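Residue numbering begins at 1 within each chain, and the chains themselves are lettered A, B, C, D, E, F, G, H, I and J in the order written.
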């Protein structure tokens, strides 16, 4: 079993290209997760690749060539402190919220 | 089966608190993955939580109170385009690199 | 009664497209309020939507496709601390100003 | 009936003061809504006040003096393009999402 | 006598449009002063208008439509602390400089 | 009659020092106008001084020494394109607003 | 003998226009020195002019109209603390370096 | 033996020009190392040149004219504190990692 | 006759230390000119030194150790395009201003 | 022979700690080169390490704990396009400069 290298890629898209770019990203080998996100960037792709050099393949020769992708910014994980993943047990651990005002009910 | 909400939290730490803060993060319910990363930020935590309100619990009442955490910036995923996760099949899909100069061998 | 999710969307427009973009925004389902604002951005839209996923519908497939909209930046409310709204009682609570020099009368 | 002036105030808090500051904000006359939000800022307060000068009262003499508030940045609405508010009709208008991958079910 | 609302508008122009844009600004009702200024911006316009809504008229429908104006950023005065204006008395109050080296005489 | 040099000084204050700093500014010779403003900065002071060197006197030896002033950023006007000032005629020139939705009446 | 006003102008150029823009700058009256510099900007021009208004002439009507100049940012000296110039005596005052590792000799 | 001057040049490329620009850089005299890197920039080139003026030759007349290079930012080393280079001895000195969670094995 | 290397150093000072820091700078060998300047920075020092390594001596071991100096940012000139200096001839070349409104006379 | 991973670390130091921090850096295993550099940062360290995880060891547990180091920003090379190093041949390739004005001789 070889290790996996994780990278978080922040992606800017043309205003009318977010969905098409997201769909293309979802089909790139090495791209594990793709989300529309809040904030200045349009999309985040989470990469899981076997080698450091694969990051270049995925970012430079795949992602940057997707129509509508305008800019990328890569953060590479050089140390893993926890990787529990999204399994049932860890999600159920999160207690119901106790603080804050209940969402404004829609009347 | 309820849905899971994903958030990416960028974290600044005090210069001598990165490792202790990372270890504390790894034990917070709702925090699925914690990495030391390249770039301006020290750590990235990937949250997997059942409710929008849980994001506040995890970020405001847990992460922000970890000694050594100086600042956080949360990006919340409001649309999922792909979630293959880091399984064998998707990692092996990533072809060996063909471009670029081989790493400088250490003589 | 289901909860409502609030998001604040900061919007950049082309220099001669602010008013037309604002009028188009005002007709998008899920957009509750639209303002011309001070600062670097041209417009702010306040969204009130039933589901997290609706944020993507409104921002990605509606707002970003309005002619003249150049860029958006979304801040999503993940905890409600107060939602009094703009009713008579809360507005009248605001006392008349006591400090500061009276506005320069126009002679 | 006099008009209401709307302002959006972005607020930075000390790391362990977000919840206490939010609760204090909720009790300030003129503050209509308070949220924990994604992004660089900790809180957003939406002000609804009767006079331009009241913005100074609320921001300078109230909000800036709440323990734990470190910095504020005010965007004032100088033109209203839409104010439907969060009533039943406008929220129901938002159609169910059609694009994007269903949230990853928690197994 | 009604009050006057003051706003400071920072303006970016195309490189060869600063003078023509400045001259056009000088003829816009509500624009009291126009300067070429140091720093990142090309021009500053100081607005004196009777109503909050007039700020939108002057900025959105006049200034932003002047050929060569690329971007504007508006700071609105929501409290007046002093408005002595540039009359003889206040200018003469400014004492001759005592510190610093005399300007290098041109030999 | 000598010329007057205009400078716009953006001022950051400590959170609880805005009003006291503003009052102190109002008494500095050469400071013509002082406002609380929207945006990242707390105050704007408009200087009207007879000599370039006076800008240093007012900014460096007066404003920067006012308790509560944390930072200043000076923009100096090196060309005057218009100086109508805030007299009756120019203010009345500004037509009543025609676009935008009337402010939400408070019911 | 009249005083001289000094201004430092940071200049962005088109990627293939740095040398031609620099040569054109060198021939503008009032431009005393022109350098290619490290950092984000391509060129720095140091202006020595007799009047404040000349800064506008040189920057707005000369520099900004040089082909290949994309953006300028002007810092104006409003107080002189020292102007020794680059004469023999002051340069020789600078002692030989004592700290730091000798430059890596090229073998 | 003359000294060598080291400079680190951060390079932005057009989205589909990173690899071609990198290959062209690799053939420029004075460019010792070229990498695709994490972060906002696409490439880093490390220059080793004999004279300060050579930096201008390499950056201004070579690198900036490579098709696909959009922007450069140069940091010049003005003091050398250590230059061990990448020889066998210094690399082997780096102990095996003791902290952090082992990379997530791919199942 | 050896060449001279020019560097422009932007300097941040503590709010009440600008004048004392400027005076100390004026006495540092290698510092040719010191100005209070407009913009975000407090002071600019222009260095004229004989060797690249002297830049480190002047910046790191002299300027950074002046009480009240908080931060420096050095731009080094790696190519000279013009160095006319501030002699009589070049200053007189600058024609009287023809555009812009005459400064507002002080009545 | 194993591959070497290269990382460029930008380092901020306390104003009076640059030289001591640089000397400490020079003794850290894995740090190949250390320079005082122009620009906003004080130092650049070039790392040559055998494993991705070693980057965390060197940055987090060594560099960040050096007294006087205030902040670091790591750019990791994920593709090598050229590594000629600073040998005789490549340095001599750099032709004598042909453009630009000769440095101002010191009279």
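Simple rule for what comes next: a residue touches a chain if its C-beta (ideal position, glycine included) is under 8 Å from a C-beta of that chain, and two chains touch if they have at least 3 such contacts.
In this text, all values refer to a predicted model and were calculated from it rather than measured experimentally.
The two sequence copies chain B and chain C touch through a face in which the numbers common to both exceed half of the numbers used overall. Of the two chain pairs examined here, B-J and G-J, the one linked by more C-beta pairs in contact is B-J. Separating the centre of chain F from that of chain I, both taken as means of CA atoms, is a distance of 27 Å.
Averaged Cα coordinates give chain C a centre that lies 44 Å from the centre of chain G. Residue positions of chain D touching 2 or more other chains, listed in rising order: 4-5, 19, 26, 36, 38-39, 50, 53, 56, 59-61, 73-76, 78-83, 86, 91, 97, 99-101, 103-104, 106-107.
Contacting chain pairs in the structure are A-B, A-C, A-D, A-H, A-J, B-C, B-D, B-H, B-J, C-D, C-E, C-F, D-E, D-F, E-F, E-G, E-I, F-G, F-I, G-H, G-I, G-J, H-I, H-J, I-J.
Contact residues of chain H toward chain G in the complex are 1-5, 7, 50, 56, 59-61, 64-65, 69-76, 79-83. Considering their complex, residues 4, 6, 8, 22-23, 25-26, 29-39, 41, 43-44, 46, 48-51, 53-54, 56-58, 61, 73-86, 90-100, 103 of chain D touch chain C.
Chain H contributes residues 19, 26, 36, 38-39, 86-88, 91, 99-101, 104, 106-107 to its touches with chain B in the complex.
Interface residues of chain I facing chain H in the complex, by the touch rule stated above, are 5, 52-53, 55-56, 59-60, 74, 76, 78-79.
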